[in-house]
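To keep things simple, chains are lettered A, B, C and D as they appear, and every chain counts its residues starting from 1.
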Amino acid sequence: MRALHELEKKMMKVRNHLSGKLLFGKAGDIRDALCFHALTSRAGLSTARQNFVATGSYSDKIVAPYSVYKGKAALSVSPILPTFTKLDSGAIKVDRRGVMLLKFFPAVGERKYDWEKRQLFALSATEVGSMISLGPKDSCEFFHDPSMQSSNAGQVRKSLSIKPHADGTGYFVSLSVVNNILKTNDRVTVPVTSAEFAVMRTAFSFALPHIMGWDRYTNQLPASIVENRSKVVPQLLDSEWDK
Amino acid sequence: MRALHELEKKMMKVRNHLSGKLLFGKAGDIRDALCFHALTSRAGLSTARQNFVATGSYSDKIVAPYSVYKGKAALSVSPILPTFTKLDSGAIKVDRRGVMLLKFFPAVGERKYDWEKRQLFALSATEVGSMISLGPKDSCEFFHDPSMQSSNAGQVRKSLSIKPHADGTGYFVSLSVVNNILKTNDRVTVPVTSAEFAVMRTAFSFALPHIMGWDRYTNQLPASIVENRSKVVPQLLDSEWDK
Amino acid sequence: MRALHELEKKMMKVRNHLSGKLLFGKAGDIRDALCFHALTSRAGLSTARQNFVATGSYSDKIVAPYSVYKGKAALSVSPILPTFTKLDSGAIKVDRRGVMLLKFFPAVGERKYDWEKRQLFALSATEVGSMISLGPKDSCEFFHDPSMQSSNAGQVRKSLSIKPHADGTGYFVSLSVVNNILKTNDRVTVPVTSAEFAVMRTAFSFALPHIMGWDRYTNQLPASIVENRSKVVPQLLDSEWDK
Amino acid sequence: MRALHELEKKMMKVRNHLSGKLLFGKAGDIRDALCFHALTSRAGLSTARQNFVATGSYSDKIVAPYSVYKGKAALSVSPILPTFTKLDSGAIKVDRRGVMLLKFFPAVGERKYDWEKRQLFALSATEVGSMISLGPKDSCEFFHDPSMQSSNAGQVRKSLSIKPHADGTGYFVSLSVVNNILKTNDRVTVPVTSAEFAVMRTAFSFALPHIMGWDRYTNQLPASIVENRSKVVPQLLDSEWDK
């Protein structure tokens, strides 16, 4: 039997209470990402420490980022899966949402990148939806406030912008971090070719159902389990007609 | 060993006997969803109580909806997998078709939604096909009669419509429920941005083979099973030439 | 332990020796499906009886077709997985290719279809590729000779054609079977809406890697297997540089 | 228990240190595939012998290529999965990147191809991204140096070009190998129809997350594992806010 480990770790907590600032029209209705045609969105994300008990080992951790190394900076992307909680009813519920994590590393020499100065940006499912549906001439921008809903709200502002190359051969992906506490203002830009963006689009589309937890909705039970059941029962449902 | 639980539960029963009303041309041939370019479809779905024996525990139930929260209402979507029956021959047959379940919740305050007043609409595989192939200017509408083929047929009518924003930045998703028995007439509308719709399109495309039961057609057997077979035998088939 | 069953069964055998007849241009090079823009293709498929030993039970058989029921006929589609053979080296090799099986049933009354008079057509991977890349104005046609490479070659000819509706709202899918031995000439047509075709396109795209056997190329080993290996070894490969 | 086999085998080693030569603009930033609209890319790949211990049996090897047989040559494609290493921390890290392996065989007679004279070309994830996003009028070209970073650097040059048919019905896929040591200059071209390319596009899109190792990011744990955990813990993460 495995020992339980009590871990204390800063964990990202993506809140769904989005504080979208309306850019135009349809006030009060659209409080979410409006990214398609050169629009911008705002998503408030807060920080939280969180204790949790790891009942599994670390073997769950997979390290397989997709990375593009350019002259001034590198960009590395990988999905972070959601966590699940088992309810008293036995149901498995998504606890913390998954995200697509972007890491930026500034270059400090020929093919050398500074791990210590990395900057992170975590895309929500809807922001991933924006990215994978970007046309070759489209741009978008996302705003995050890591300290939202804390006393430091508004002190640190991160924005990620994706803008097309003039000749349609790719995009500039830029992360800007304005920290009013440390009085810093960092900006890092990585040019991404169409081919690299195609890899991201395909890999993000593959990963999206996984970060949403939808890959748990599956009929692919091992054969041995199937055979032991005379009738395979799916998740119970609130039917369309239950009221 | 697990105890068997006898459950009585209202279950949605999607009938395949669609009562499509012809809108134009090709009479008698097209009795199904005609959704592409601002057309409408009619699907008759009936309600039924159904007893069944759950041989598994509740752990099968997954709670991972994709939700969009807007000013007047929220929309939450999640797939419902099909059920399977094991035939005497040993074959596994789809029993009740899977659906994509849409739940609408009216707002009752700042970021508060009324769970009690939720309205449901279950999309069939073909209706999901309509949604995921909608162009940015396209609209579609589906009609369901929850009481079809019962004495209450025609008393309750539900219709779901998806209409594009004038500026192409998303869709209005509206559910209308006319209940002639209760003399009620409810309508709830949720604006969905292009980014949110892209998430739905990608997640629905991922889920479609699963609600059809096609994810059971797979070669991904565990290695241990593969190694115990000198030859892996697929499902037997009525060949193209068997007559 | 399971008993072995010796089964004799007519099995479809899709041969890769395609006898494409050139329709125009590029003679000698293109002997395969040429379907995109109103072109036609010819694929020769032969029939064969084949004995095989089923070392598994029938539980492998999945019955989950996608069916469209129309006034004059119904069309039902489902994937047929490939079979695999284990080589002496331990490698798993595709033996018989998978196909997408189309079954047509003529109507014999209101919502009644004649199972006895069904006609089958099995699409190869390349023919599936044609179908899923059809534009709304495109058409294609495939020719099969079930008796190819036997003494009856040329006696039975099957052709499947897919033609767009004039208004772009779907396709007509027609199967023609000319049997010179029985002196029969059957033709069955099923109109398929854009929404239904979108379901097929999505489900066929999902199924294509499975009928090719590519879903066997996967890193998704159960965790228990992963943990027992200090280093996970992929399939050995003829490298790009091995000569 | 299985015996360990010590294997010595030439293995392809795809290095990520790409030596892209800039073709125009954005110097120093784009050192990767620039393929989209008739551009070319350069990727340096080196050769290496490598010993490794196979702790599994050969059953991992899958043989399921997608092949097109034409008059002058045949082309066969199949994915090569990445290898993984288990770190001391327990994390699973991609060791050698996966690739899409293209094999060309010259014809030596009617439907006979010379296995001995095969030429290989291994596409990286980014090069696969170029291929799957090619429009019907687009072309691209990749350059590999198998001896890169060895004393033979520059002595052998391989280039793969994909050019559209004039009438948009497919592509010409050509591999050129110039070997200055052996004084050889080989070129093999396989015409690929739109339908065949659609199969490749779909199968490559399916395989891309697998050759990247992203299929390891999945929530699809066997039910038995899920039930033994009160809380399923995902990979630990460097949060967006951890500094």
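Here is the rule we go by: a residue touches a chain if its C-beta (ideal position, glycine included) is under 8 Å from a C-beta of that chain, and two chains touch if they have at least 3 such contacts.
Computed from a predicted structure; not experimentally measured.
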{"item": "Chain D against chain C, contact positions shared by both copies (same if over half, else different)", "value": "different"}
{"item": "Rotation angle superposing chain A onto its copy chain D by C-alpha atoms, nearest 5 degrees", "value": "90"}
{"item": "Geometric centre distance via CA averages, chain B-chain A, whole Å", "value": "27"}
{"item": "Distance from chain C to chain A - Cα centre to Cα centre, in angstrom", "value": "38"}
{"item": "Interface hub residues of chain B, defined as touching at least two other chains", "value": "57, 59-60, 82, 86, 92, 213, 215-216, 218, 220, 222-223, 226"}
{"item": "Touching residues on chain D, where the partner in the complex is chain A", "value": "16-18, 26-37, 39, 41, 82, 86-87, 89-94, 125-130, 132-133, 205, 208-209, 212-220, 222-223, 226, 228-243"}
{"item": "Touching residues on chain C, where the partner in the complex is chain B", "value": "7, 9-12, 45, 47, 52-64, 66-72, 78-86, 92, 95, 98, 101, 103, 111, 118, 120-122, 144, 146, 158, 165, 167-170, 191, 193-199, 202-203, 206-207, 210, 213, 215-216, 218, 220-222, 225"}
